[in-house]
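Chain nomenclature is as follows: A, B, C and D, assigned in order of appearance, with residue numbering initiated at 1 for each chain independently.
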Amino acid sequence: MMKRIAVFTSGGDSPGMNACIRAVVRTAVYHGIEVYGIMRGYSGMINGEFVKLDSASVSNTVQKGGTILKSARSQKFLTKEGRQQAFDQLVNNGIDGLVAIGGNGTFTGAMLFEQEFGIPTVGAPGTIDNDLYGTDYTIGYDTAVNTALEAIDKIRDTADSHDRCFFIEVMGRDSGYIAIPCAIGGGAEIVMIPETQMSTDAVIDTLRAGWKRSKTSFIVIVAEGEEEGSATIVASKVKEAIPELDTRVTIIGHVQRGGSPTAADRLLGSQIGIAAVEGLMNGMRNVMAGIVDRKLVYTPFTDTIHKKKLINQSFMRMVEILSV
Amino acid sequence: MMKRIAVFTSGGDSPGMNACIRAVVRTAVYHGIEVYGIMRGYSGMINGEFVKLDSASVSNTVQKGGTILKSARSQKFLTKEGRQQAFDQLVNNGIDGLVAIGGNGTFTGAMLFEQEFGIPTVGAPGTIDNDLYGTDYTIGYDTAVNTALEAIDKIRDTADSHDRCFFIEVMGRDSGYIAIPCAIGGGAEIVMIPETQMSTDAVIDTLRAGWKRSKTSFIVIVAEGEEEGSATIVASKVKEAIPELDTRVTIIGHVQRGGSPTAADRLLGSQIGIAAVEGLMNGMRNVMAGIVDRKLVYTPFTDTIHKKKLINQSFMRMVEILSV
Amino acid sequence: MMKRIAVFTSGGDSPGMNACIRAVVRTAVYHGIEVYGIMRGYSGMINGEFVKLDSASVSNTVQKGGTILKSARSQKFLTKEGRQQAFDQLVNNGIDGLVAIGGNGTFTGAMLFEQEFGIPTVGAPGTIDNDLYGTDYTIGYDTAVNTALEAIDKIRDTADSHDRCFFIEVMGRDSGYIAIPCAIGGGAEIVMIPETQMSTDAVIDTLRAGWKRSKTSFIVIVAEGEEEGSATIVASKVKEAIPELDTRVTIIGHVQRGGSPTAADRLLGSQIGIAAVEGLMNGMRNVMAGIVDRKLVYTPFTDTIHKKKLINQSFMRMVEILSV
Amino acid sequence: MMKRIAVFTSGGDSPGMNACIRAVVRTAVYHGIEVYGIMRGYSGMINGEFVKLDSASVSNTVQKGGTILKSARSQKFLTKEGRQQAFDQLVNNGIDGLVAIGGNGTFTGAMLFEQEFGIPTVGAPGTIDNDLYGTDYTIGYDTAVNTALEAIDKIRDTADSHDRCFFIEVMGRDSGYIAIPCAIGGGAEIVMIPETQMSTDAVIDTLRAGWKRSKTSFIVIVAEGEEEGSATIVASKVKEAIPELDTRVTIIGHVQRGGSPTAADRLLGSQIGIAAVEGLMNGMRNVMAGIVDRKLVYTPFTDTIHKKKLINQSFMRMVEILSV
């Protein structure tokens, strides 16, 4: 029976993490479990940065971007000695279980830690990249897509006014999850994602064909992990091939990580926060709580780490049809 | 084999309708089918307001709220004579099939029309209310929720600053679909929806209990179809019972119907627009295209009209836990 | 020489108050003056709700709506006894001077208090209504206008889609300051403000004339202080006179008071917060800091209270020209 | 007496240009003057891209970013031959006067053109950079600042969550007009603008001092015209000097040019559009309409081109005080 748990955020921050923290705290309170926040992820765990939380601690946080518990990367937790210190801190603070909000790096650490020291962790998928197996959407993904899309809407104003071709780079690490809805919702002509083999030559052909039939403004979305290179590289190759095209590059960047979470991310963060605590109460460990087809599922960390969530191929066909 | 189809919007407008229209048009073009827009729904069908559309007609519309085809309610289409005129117009314009974007009123008309005159229609769920069986989400729902939530965020600034109790009325007709995420994501203490029997007395008890433990600002979300009455009525009963509470009422109103669609609504509108045209091409009729558990499904109009989509009861529990 | 000052917010909250509080605190720190916050305005002054503030206390507040010091109305401060208690609290806490962020009610109290007890106050114009003499703009006004305008943009989507006539009520107490830019920037056909004598009959005439030349959607902005009555009343008279018009009413309401402040309100709040502290340091009292024609001015409370800031009449002509 | 005028946009687009175009068109209609739009600035003037406009042509455009008349740069207009062709086109279309919306490049062309061919032009200051003498604010400036500030707000979420130092580059050509309110309103510790001589060494000193007193997250705003180099260059020098600082760079970029205009930009664009047409009617030429201290002024193009609008030095002091 859990008496005291702790929650922390680790890895890159994402909008909705605070909604998840709030749900963890209030679910614990609801069930009569004490709850602590650990500042700065594994780094704070090692350094003993523990803060007692209650219901009021998380008032007025559900709408906030970032993470009130802060996040950091810890080299020390990668060492046995560091993990031993972290364990000692948990023992000193009487912590029975952990909720880890983050991605696969976070879960890998938690799993190793559990094997060595037996402290159970339930994970929550907190990343804008949506690249985690075991949940349809990660906490922060919907907000990141909407932030990118709002930027694209503004850029299209300028693209249309000046008959320009914009290459817009969006985030997403090794996946096109952010790029795809940005392309469909942003009215882009072309999308380049790591999951497909679209060559820069094919991009050039498409743009040249559009140019010939008097199309004058274009938007090309490039996912940051695209194997043909960054938006800057692709744009310079295109410019070389079609000099008459007025090309511009915009890298949307870190704004995609911040901002007040959308309704979907607040709801998802809340659902998963509740599920994580109730999972711990039910004896779960080394699993990530997620929502698949609107149902709550717990997926072993080994699966979230080793299985790849495939992007729906029908989306590529949608971009093709819609840019007709 | 379809040669020429027409698309129209009917009933209340919703954000993402234009993304759906754009997808219908471009999918038709992609498959070599001619496509017309009918202005003002059934009313324009009767009056012959047909406009030929091509790919360029829908450029730069994906991000726009409202409907470029306009919408209207038609008394005349409820009569046999009106429908005969509509049929004559379709025949004169050589229309083989229809895509109807709207809700159950729209689909009821389409089904009757098909029985009388044999013109096949595939429906697209365009309403902010999310109360249609056969799709997890309707086009416009996600935007409406986010719009309401942004308003609630602003109101909470004032509620907190003044230690007030706000009763906020959101849309949703006979369902709590909009109210629920607004309550969870807006940090509301209480939510009143048509699907549950929460009495005003229970609301008063909860607020009084909070007041006694020194809680001074509250948000109560009231769905417009709540059987206990409107936000105004509930607030006045509460004020009578707890005079020391500084109560205020805000009705979010028509802003929920407008605005640039979110990424989710642009994506959904696009998916369904494509599916509607390809459904017609495949001989479908009297069905609505929807997305259930991320898969495309076609649901007979008789089901969308007669079956009720139940709200996930776990959401009520979430509100209870999160307002602890 | 000031050693310790206090800052408080009073009356209705407005976006940018926190930017002003932050500037007060940091200017005091910059000049080596101690600074306290008083919670809940005059009410907290009487009850001794004093909080010591330093530079870190106001970190990450510049972008927040509402007021971190909260606001309240105090009946007790209207009595001599209440003011005596407030004075005793200030003496006990060693406060030499006050910065009062609010409107004319706030300044009237401060002036009386100074006459009785000699504590100097410099005021900061914090209200969304922009109805204070002595400053071109009040803190919160620009945000309120933009919030209202965003709502109007969304409503216009629906008005256009349905050929409707919307009556939209905006805030502004006894002035049309909010209504005017909403009308010009929102593409409204008509604006009704307290400063002019536009009869409902004239509104009816204008709408009927538009209707006759086939104009089908209209937006009428009604300021809340309009002497012809609220938007609801005007709309019902119009509906009676022109039954074929599809009329709708939206009251934008309390959302106008909240939300993250615009750049202009953050800048103005910051400028005035600095000026208020430096005014106190220079021996000023019973004056409000404001910006007139981009220059800092201090206006006696007697003037801010008794002089009326007139609305630029050319704006009415603009609405007429632009709705041609 | 003017019978027919034309309006065009030239140079970089800016939000509020459409509000200005709309005002030009409706003011002309109001005064019984015919009005044409010229597409793509001087380029379209040479090529004869003239479009007749009426009141309905500009319906529903006041809220749109970009320019419905499009913009382009014209090499040909720099030649005598090109200007002769432009003049011939104006004569053929019976144009008596021009409204040119743009910046100093646009006005220089217009002035030369008037000297050679006698066609009067009144200018409207349309640029996000706010670097034009003769108006307090240019059309688009307020929107660009708010867009940049919203991005900074999101980045601060991440900066705070990760204890990072962000270098954020904003637009503004050779001036710090955009950078200054972004720094004050965005809670930045440092701002680097072309108008001041802040060395990178001074930036390093300030950051190191903050770091020593345990401050862990910083925001440095760098104007694009900063003589110490771009945000990327400054950041890399800082990283070299303080390796323990976790630095990141974001270039906000083209999003600053787009988006729906703020209330202030819609109002300003409208005021200036009216003033431009009425200026032409009153025989003005080679002047720019602007608003200085809330009053309409017409400034000779020679002044707008040769005089420099100085940034208020008190703003630099504000940044210093507020980052205490």
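Throughout what follows, contacts are C-beta pairs under 8 Å (C-beta built on N, C-alpha and C of every residue); 3 or more make two chains touch, one makes a residue touch a chain.
In this text the structure is predicted, and so the values were computed from the model without any measurement.
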| item | value |
| --- | --- |
| Chain C and chain A - chains in contact with each | B, D |
| Remotest chain, chain A as reference, centres from CA atoms | C |
| Rounded Å distance between chain B and chain D, as computed from the means of their C-alpha atoms | 39 |
| Chain centre separation in whole Å, for chain D relative to chain C (CA means) | 28 |
| Cα-centroid distance, chain A relative to chain D, in whole angstrom | 35 |
| Sequence positions of chain C contacting 2 or more other chains | 153, 156, 160 |
| Touch-based graph of the chains, sorted into line, ring, star, complete or other | ring |
| Every chain pair meeting the contact rule | A-B, A-D, B-C, C-D |
| Touch list for chain A against partner chain B, complex | 19, 22-23, 26-27, 29-30, 55, 59-60, 62-63, 136, 142, 145-146, 149, 153, 156, 160, 181-182, 184-187, 260-264, 266-267, 270-271, 274, 293-294, 312, 318, 321-324 |
| Residues of chain D touching chain A in the complex | 9, 12-13, 15, 40, 64-67, 70-72, 147, 151, 153-158, 160-163, 166, 248, 250-255, 257-259 |
